[in-house]
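Shared chain: subunit A. Partners: subunit B in the first complex, subunit C in the second.
Up next is the complex of A and B:
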């Protein structure tokens, strides 16, 4: 023991140690150099603790997940940041909105870049969320015990579509105006409550200032809040459902029954043990079980960082190369001819050009109900964790049929429709 | 220390009757759920506007002399097309009955640029997804000699105003 230091010296020490102490009060662990510290770093850091300390090797295989869920989330983060920045210059007014778009282009530093990032990020999110949904389907990952997380995922997909729909109305250009007109009219075809929904969305009987304000509030407050909550549930359920799905043979089957009966406790199902009963003797299999997990630090975190950097770079490159389109200012008297939605809604637009109810409400509604019901109708536990497993030939074939049908509708709508929505050939 | 894991059955020890505790639980739950429901309803009442701003539905469009015989004048701002044949006058809506786009004049009548609905000169559907013909609006001659159109009143297609 050293003799007590005088108060003055200890104060000086406190001053000199201030940076170190502040740092240590925030980060309790040094950069990890052993397994204990790797664990501590994962579960004492707020941002890391939603991860497991150890993660299964299968979850880190890029060929299995393609990183699509992560990319979706990072695109959402990019959209939140760029969206908040854009809000500093945007006014949801029919007389100002379009001018503000021109201001963003002409007089705001990085205005064009931020709007491009927001637009391409949104398009990317629609595409990647859909691909993520396809990945989960083709690997049979919606099966028990992940049924409910699949339902949350389908809801997230719909929210993503609604986010992008409310978003591209805000510039108040021709696309915006006619998209609101058509979109709210489709809602009006819903049975019983359709007209009320249409009236609530438009805030009146015609598309104007009230409708713009309502879609703005939905886009910047209501939907992001709901989306954030749904994402939180989605992530939490991944942990609670045992991590990402994997094939049954990804883990070795370990039997505890072969344990010598003299010391080790034998675990029987549905029998309660006190803690003492569990720790009395070492399980002889401990240490012999092949461990297919690795520490999240650094394996998972580096993979996530890599995915984020690639995602952000891709959006940046796209935004530097291509400008987000801005159509003519609203002309409520004359729709552009043809008046086309963005590519991801062109399948829908093609369908409503046959029948407003069946194309806009009936068929999409049935498709969503089928998606939501999938894990409760397909109760077989076979074929989980493998892409295009032969055990899931029927389910995958049905799903591919739906996807291809929608892609065909998108292609027809994009390339084969001309003035007055007449059939044209693109060559 | 024993932990009671038995679920309460809702019956008191005599059996058969709903206990006071259970009853109070039901009442509390019903009260909370009712309050939440009322709040949700009042929120919907709040966001449903009582008064709306919009174009007047009844307006005059000028004197009959402005529309010589054979005219098919699209008044886009009013959302109507004034048709005059001889002494007969009519106002046909140019809002597509499919999904609300504004139809344009075409050789055979009207055509919609959004989803390809087609109408003949009288607004009858000749093609595309439109479920109904274009409505005709009531058209009258005001005392000051101007043509007055009321978009709140639809009339039977083909009924003209005779001057």
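Up next is the complex of A and C:
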């Protein structure tokens, strides 16, 4: 009798235990019921291991982060999913693109919803990423050691704008065509290389088949790849730079001698922890300082799930209530009057109407350079982790001025400009 | 937190529920089910019933590739009973498409057969609308962004409220019939035929080009106007041109509503290229220019010599001359007053002007209309009978009656029709000009006119005293400076340099050097500096003008300049009389003396 032959009973057991075993092989940990399992869940799960096992309470304060970074990320995820689904129906051809839009609206199952979600998600992402940038600035979170992550963030913001801009052309209707014509014309105002950039973007001297193909490739392949990489770096550096920024006084200073009587989490000496389970800092402090951290499971994950649910339901409701615009098919001989760029570039267009170079290139160029250079110019370490800290009055004032000016220009450009870019009142 | 999470999740579920409900409870599916149910009741055999029972709702579509770009028509998804004769009295959308002998449908063995089968033609070829959609609103083209709403059935929300009701009716569909049925007298496209007649009868062709029909250049090319614009725009542009474009110079034709409708249908049928044309046909039309089409479309009036004047009057009044010109109460506000034409011009001039307006006035914008020779003669005869009313005595009254239309209320040359005249009327407020010319010369300009310009010879209507009276009025009211004694000028009576090829060559070199900046290298008055100059530099190729002035006057204008204009006194810039003589010879050489000047050849 060969020992390799399993007994019948054990085979049956294997069969009956199959679901359980498969489940266990995938999810190695049971639903956590103690701290060991909580940390183990965090770092053994592929999707969760990017999180710290424990997270500072300050990072969980909704009033501090407003969840803007996460919302941006979730919008990006929604955009990728809906975008891939839309790719199945889209052809980047001047003769077919518009018909495909009609099909999406008319006869493709869930086509309208997909397009709406993608459209409003994209607009939302531009807005939320910008708000996230403002949040980080107003809380002084770009300061050492987070300087470079701020730079990555600014690049992410520019990429988001470019991503949305390239997608704007794809429906190939009048709105798209003329917005891109205006948008690329603004790029053409750059000194020396402006015309070359414009030519490179459009693959010709006017928006046509080549431009559509280029914008498509940029939109569905190049930019998402770059954006994904930059997001990965952004997240990785959050961990490496010590989590989200917080005020210096978020952790009360205590002497090492005075061991607190009760602790937020109990470190049982006999249990084993990975380093992920330990808060940052010199080892002798461990277990000695008042612990202001909580386990990511369930605190952080639940908050993230909540943010995701809110984001998704907002986009869904918007998509149900408002349809993405689809105007006339492209007619290169009949520009709408006025021809307007996408709303987030209307501030630029408004400024361009005063001065082509300064409005389109000069002022925004200086703004971007200032943004990129901010953490290297503002070396003071004061005022981190607090909204509108008094220590940062000057920096915040300058920043607010730029932001408000831009918002005012966007509003004027959107609502107060009529035919021939003349001033009109919207009522 | 957990409670909020639950609410959010619930919201997502609700939205999904709504989306799925909309997706699977699509109106077209309900339509199709209704149709299947009713058809089952009407079915006579069991096999028929079984076949119906086996049918499930699905998207029906017709792909049409025979007519222009490939069309995908999914209209029959909702209009599923279009070819089922039993549903002729049902309500839309489950209704039979009507059969009609005028559409070529015929009966065979007691059953209707279609001439235009849906499987071959689809729906949007005739009806317009958006074939790809499955939603009534979008498919019928009700959203304002769709360029082709159902022709004659759907008006869009942003159309003018007073026009919209007039833009409904089956008649409009004839515009699409004419894409294939291009015969000018096709019985099914009576509106297009009528519209074409009006296009010619109202002289639209004089200004507008339609490939193969006309070649006017003043207005926009209408060859593909039907593809570019919707009914609402066409109607508005015809009935009130300025309401859509404030700078439009198109006259307001007072057409009857029925005629406007016919014109709109005709224009809507102009889509650049229709399905029936071949490359060769288009090329042939290009070669002939289509001139014979006018006469083919509107029958020429047979002129009876005894009733010539009467017939001429009828032609002038019927063929929209007063859409531009003034005649009695009718005033188009674009071209000169014809009320005195008999006193101002002779019949030869008027006839030549009719045949080719530029043959009597180099820069006239009046199009050459395609009347027959006899018709032109009749119209000339009629115009010769127009002598207006007796000219009043006072200078002011004369100015208001005769001069104001061009020279303007303020005498500054900006009269109501001034912008359509070339050369522009003289600015009478410029004392520099007015006071540097002798009274005799001004009287001469009034009584004998200025050749090659819109200033006619008023001699038969205005006596010498009356001319002086009106000049006196102008002097006190507009010029406002008293006349001064004219300075003596040293001017040779005749050109001291004999006309020779060498002299012309020298003159040309001098002209290019000194004059071309304003008068242009061609001498046509359109030099690079001319844009900023008012009054515009003289067109020295206007032979009627150049040949009507003598050498002495050319010498005076060049050597002493023209006060009140940009022309400087060239004597100050070192031009000798010999130089000017060369210049004059050059200017004369580009204006042949033969009658009609450079345009003589063009007439023949």
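Methods note: the second predicted complex is superposed on the first by the 383 of 427 C-alpha atoms of A that agree within 3 Å, B and C clash if a C-alpha of one lies under 4 Å from a C-alpha of the other, contacts with A are read in each partner's own complex, and residues count from 1 in each chain.
Basically, a residue touches a chain if its C-beta (ideal position, glycine included) is under 8 Å from a C-beta of that chain, and two chains touch if they have at least 3 such contacts.
Predicted model only: the values in this text are computed from it and were never measured.
Engineer: Applying the touch criterion given at the start, work out whether A:365 contacts subunit B, subunit C, both or neither, answering first, second, both or neither.
Structural biologist: In the superposed model, A:365 contacts neither subunit B nor subunit C.
Engineer: Could you say whether A:107 touches subunit B, subunit C, both of them, or neither, answering first, second, both or neither?
Structural biologist: A:107 contacts subunit C only, not subunit B.
Engineer: Where does A:194 make contact in the superposed view: on subunit B (first), on subunit C (second), on both, or on neither?
Structural biologist: After superposition on chain A, A:194 lies in contact with neither partner.
Engineer: Taking the superposition on A as described, I'd like to know which of subunit B and subunit C A:99 touches: first, second, both or neither.
Structural biologist: Touch status of A:99: second partner only.
Engineer: Once the shared chain is lined up, is A:182 touching subunit B (first), subunit C (second), both, or neither of them?
Structural biologist: Only subunit B; A:182 stays clear of subunit C.
Engineer: Where does A:32 make contact in the superposed view: on subunit B (first), on subunit C (second), on both, or on neither?
Structural biologist: Neither partner.
Engineer: Is A:243 in contact with subunit B, with subunit C, with both, or with neither (first, second, both, neither)?
Structural biologist: Neither partner.
Engineer: Given the superposition on chain A, which partner contacts more residues in subunit A: subunit B or subunit C?
Structural biologist: Touching more of subunit A: B.
Engineer: Looking at the overlay, what does A:334 touch: subunit B (first), subunit C (second), both, or neither?
Structural biologist: Touch status of A:334: both partners.
Engineer: Residue by residue on subunit A, keep only those touching subunit B in one complex and subunit C in the other, then list them.
Structural biologist: The answer is residues 334 of subunit A.
Engineer: Across the complex, what residues on subunit B touch subunit A?
Structural biologist: 44, 47-49, 52-55, 76-77, 98-102, 104, 106, 111-116, 118, 128-129, 131
Engineer: Along subunit A, where are the residues that touch subunit B in the complex?
Structural biologist: For this pair, the touching residues of subunit A are 178, 181-182, 184-186, 196, 199-200, 203-206, 208-210, 332-339, 349, 352-356, 359-360, 417, 419-422.
Engineer: Within their complex, state which residues of subunit A touch subunit C.
Structural biologist: Per the touch definition, subunit A meets subunit C at residues 95, 99, 102-103, 105-107, 109-110, 113, 173-174, 302-303, 305-306, 309-310, 312-313, 316-317, 320, 326-329, 331, 334.
Engineer: So in the complex, which bits of subunit C are touching subunit A?
Structural biologist: Contacts found on subunit C: 1-2, 4-5, 8-9, 11-12, 15-16, 18-19, 23, 59, 69, 72, 74, 130, 132-135, 138-139, 145-147, 228.
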